[in-house]
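Each of the two complexes below includes chain A, the first together with chain B, the second together with chain C.
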Partner chain A sequence: MDDDTIVCRCEEVTVGEIRKAIREGAIDVSGVKRRTRAGMGLCQGRTCEKIVTQILVEELGEPVSTLEPATVRTPVQPVTFGLLAKGSHDD
Partner chain B sequence: MMTSAADVIVIGGGVIGSAIAYYLSQEGVKVSLIERGDIGSGTSSACDGNILAIDKVPGYDSQVTLKSQKLLAELIESLDYDIEYAQRGSVLVVEDENQEQVARDWFARQKEAGLPMRYLEGREVFEDEPLLARDVVGLVECASDASLNPMALVYGLVEASRSTGAMIHPFTEVTRILRDPVGSVCGVETTRGMMSADQVVLAAGVYTPALATTVGVAVPIRPRKGHILVAERSGRPARRKVQEFGYLLTKFGGTEGRRVEAEMDQYGIAMVFEPTEHGNFLIGSSREFVGFDRRSNHHVLSLMAKRALRFFPTIRDIHVIRSYAGLRPYTPDHLPIVSLVPTVPGLYVAAGHEGDGIGLAPITGKLISEMIVGKPTSIATEPLQLERFDK
Partner chain C sequence: MREVDLAVVGAGPAGLTAAIEGAKRGCSTVVLDMNPHPGGQLIKQIHKFFGSREHRAGTRGIEIADTLFHEAESTGVEVMVRAEVYAIHDSTLEVAQTFGEDSPILPSKEATTSHSRSLSIVARRIVLAMGGAENALNFPGWTLPGVMGAGAAQTMINLWRVLPGERILMVGAGNVGLIVSYQLMQAGGEVVAVIEATPRIGGYGVHAAKISRAGVPILTSHTIVGASGESRVERAVIAKVDPSWRIVPGSEEELEVDTICIAVGLRPNARLASLAGCKLHYSPSLGGWVPIHNSRMETTVPRIYIAGDLSGVEEASTALEEGRLAGICAAASLSKERAGDPEEIKAIEQRLLSLRSGPFCQRRQDAKQELIGIAETQCPK
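Moving on, here comes the complex of A and B:
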């Protein structure tokens, strides 16, 4: 993959930025996320998490099975302030 | 195996430990920074990015923050990371007549302490922030307040430290502080072996007390949990940091002067709004003593959303995309501990910043480096000494 390719479309994070984060010590999806914002946007990594994982595997030379998955944060789906204030999970 | 290389070992790779490593490295001191997880993965990754003087007790507390704001503005230049620093000032919203007098007193005391303050009322309030609820009565502004991306600050400080020679040891947990036969610090025992140094700085936030007990030192820090909601990129209801004045009441433990349901006070809920440089905004806040549990509590999040709507009714249809909770290192007097430990020569504590760790990291790092290299300190440190809790 080219360094200029955008991996996280929500936050516009490139392959090169993800590789730099890994060189600086990220060893899992959460570590890449904290350093680059990949996965912090509206889709919360639904689109890019697999690609970030793939880059981690390539750069670290470790199998996917040893990588920690990203931390799942509530809400599972975006919910409006209005509904959340009513105590509702539904959108 | 005994690895010896460092003059100083810093325990904790959050914003405080990173700032200490940064300033010590600048002084030419050989530093080893040890972190049990990834760098910046604890409290510093679960907070907001405030550099606020407005919510500090007028006097020493606000002065120390002002110093830190100045240091931060200086150090940004030397960091390779874009920390998204924005100095737009911040405001406290005065909710009703009930809070007006205490808010005016607060304003006057902060102004007297030298902060760039303004009090806005009537039409000025809505000229400043047009989307605030129409029934609020005033704003207290501090023009020097700023915000930034806390994680970028941590990584920026760590990479700058590394480039000036600091050794970074992530995923290494300190299990014990070691002393020589005379009782002075001589190193630490970790999950990856022993490391030696004549000086050790404990900057482990909420985990500081457990490590301090390994050398018989009591540190009165408790984990205080706080939640944050993250909104999608959207039209933002305000251009800069906005907090309800009642936030000061939940911070300092008073509950009178705010007319809310008992549950809001029970979970320490107060509206805090922070725009990010990416077009999102954050909504806080809650304060609870519930041990080391970092999971989000849906009921608390729901109350926070409700409180946010009271001040910003127009955000009703904006989506919350994420939430998180962090453990803030609380001390009984709301000031951090930045101190040597008299009973254990060579040991220092830099922890207990509760919600002010990001803002006070620069001054904390600077003070510890000054204490270690024997320079006069940038500000008096008596109010930050560990011994104050013995009295």
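Moving on, here comes the complex of A and C:
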């Protein structure tokens, strides 16, 4: 994979930036996320998570099964602040 | 706040059958789905299914969706559409529901402000059946407009009647790649080529033959090198790969295309399960990280069950059976009276076993057994 190729579309993070983050100590998807913002955009890593994992496997030489799965946080789907501010209603 | 016996997330084949079985056993049941129509991926399956009669062979997926939805309604299930579950904690699901026009992408601005509501649903049992998510592939130019998942292209043509482009390159010759190629041709597109990185076509011969007969080349041991264009895809470069996946120098070929569809597999959409605290296990045969579940489809979190592609990427037929199993077991765990006939569970297990037999599916059966083995030590007794 070319260093210039984009991995995270939302935050425009490249293969090269992710490799650098791994060389600097990232050992899982969350580590890459904290260092580069890959997976922190609108889609929350739905598209790039697997590609980031693949780069981790290549760089670290470890199988996927030894990595920690990515952390998931609320909200798992995009929700507007307006809706959250309204609170929960009964019909 | 609403209280129900059973809340099901996802109105695809697994979710609907789980809900039907729950409701049949007297559970107050609600199904939540983010899409405007119930049925999951079935609603865009315009082709006839294969297999045995009990798995609706010869029926089109879209008709199965219809039948299941009506069966759900007649057993008293409440199906809520455009309802996104954005959080889950303990027994509570946080739901954002929008009303209004059938927007294919996002609700209109008005809909998000005035025609929407949030609600909390407290459920005694939860079945998660969110299905799978398409895998992405990155190559220079993959962020250009015109590169999309094959499933996305299928949604565009079969649901919204929009042809994504005129000259299409399909990447991946599994069943999704082959079927969507044929449907794109039916919709008026020209499929320039189907490429597949492995040395053999992954999908069924029938599907491959249909597009081959129409003159579409299926190039095995080929990969995509890149895409380029001014403001959208205008061309793609493909190349041969050797047995160790290296590009064969000098084999590059340029294709004039405006659309590149990616059909390189699905993975379980395990985000909500993960948020709920379900432990995951990495299983390549099942598509990636899968929530650990026991033979009753219960996860490592008590009272949360899973079914369908979320519990390992397979077919609609297995999703229908797993949904039933999850629904029956969830209902039975609520009261002895609802436990029903143990023969029923045995029959479902037999049918699942036969669906997972044969050289194609045996590894899935093995992977499922492995998961269930892990669950012995991690799931509630």
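The rule is short, and it goes like this: the second predicted complex is superposed on the first by the 87 of 91 C-alpha atoms of A that agree within 3 Å, B and C clash if a C-alpha of one lies under 4 Å from a C-alpha of the other, contacts with A are read in each partner's own complex, and residues count from 1 in each chain.
Rule of thumb we're sticking to: a residue touches a chain if its C-beta (ideal position, glycine included) is under 8 Å from a C-beta of that chain, and two chains touch if they have at least 3 such contacts.
For clarity, every value in this text was computed on a predicted model and none was experimentally measured.
K.L.:
Putting chain B and chain C onto chain A via the overlay, clash or fit?
P.N.:
On the superposed model, which is not a single observed complex, chain B and chain C fit side by side.
K.L.:
Touch check for A:G31: first (chain B), second (chain C), both, or neither?
P.N.:
A:G31: touches chain B, not chain C.
K.L.:
Report, please, how wide the angle is at the C-alpha centre of chain A between chain B and chain C, in steps of 10 degrees.
P.N.:
An angle of 140 degrees, rounded.
K.L.:
For A:L84, select first, second, both or neither according to whether it touches chain B, chain C, the two together, or no partner.
P.N.:
Both partners, chain B and chain C.
K.L.:
Taking the superposition on A as described, I'd like to know which of chain B and chain C A:P75 touches: first, second, both or neither.
P.N.:
Both chain B and chain C are touched by A:P75.
K.L.:
Based on the superposed arrangement, let me know which partner A:I22 touches: chain B (first), chain C (second), both, or neither?
P.N.:
neither
K.L.:
According to the stated criteria, A:M1 is in contact with first (chain B), second (chain C), both, or neither; which is it?
P.N.:
In the superposition, A:M1 contacts chain C only.
K.L.:
A:K50 in the overlay: touching chain B, chain C, both, or neither? Say first, second, both or neither.
P.N.:
second
K.L.:
Can you report the least C-alpha distance between chain B and chain C in the superposed arrangement, rounded to whole Å?
P.N.:
6
K.L.:
Considering each complex separately, which residues of chain A are in contact with chain B in the first and with chain C in the second?
P.N.:
73-75, 79-80, 82, 84, 86-87, 89
K.L.:
Name, in rising order, each residue of chain C that touches chain A in their complex.
P.N.:
Within the complex, chain C contacts chain A at residues 1-2, 34, 84-87, 94, 96, 112-113, 116-120, 133, 135-136, 138-140, 142-143, 267, 270-272, 274-275, 280, 282, 284, 288-289.
K.L.:
For the complex, give me every residue of chain A touching chain B.
P.N.:
Answer in residue numbers: 11, 24-28, 30-31, 34-35, 37, 40-42, 44, 73-75, 78-82, 84-87, 89.
K.L.:
Would you tell me which residues of chain B are touching chain A in their complex?
P.N.:
So the residues of chain B touching chain A come out as 38-41, 45, 151, 155, 159, 168, 170-171, 229-233, 278, 283, 296, 298-299, 301-302, 305-306, 308-309, 315-324.
K.L.:
Quick check on the complex: what are the chain A residues that touch chain C?
P.N.:
Interface residues on chain A, with respect to chain C: 1-2, 4-7, 9, 15, 46-48, 50-51, 64-65, 69, 71-77, 79-80, 82-84, 86-90.
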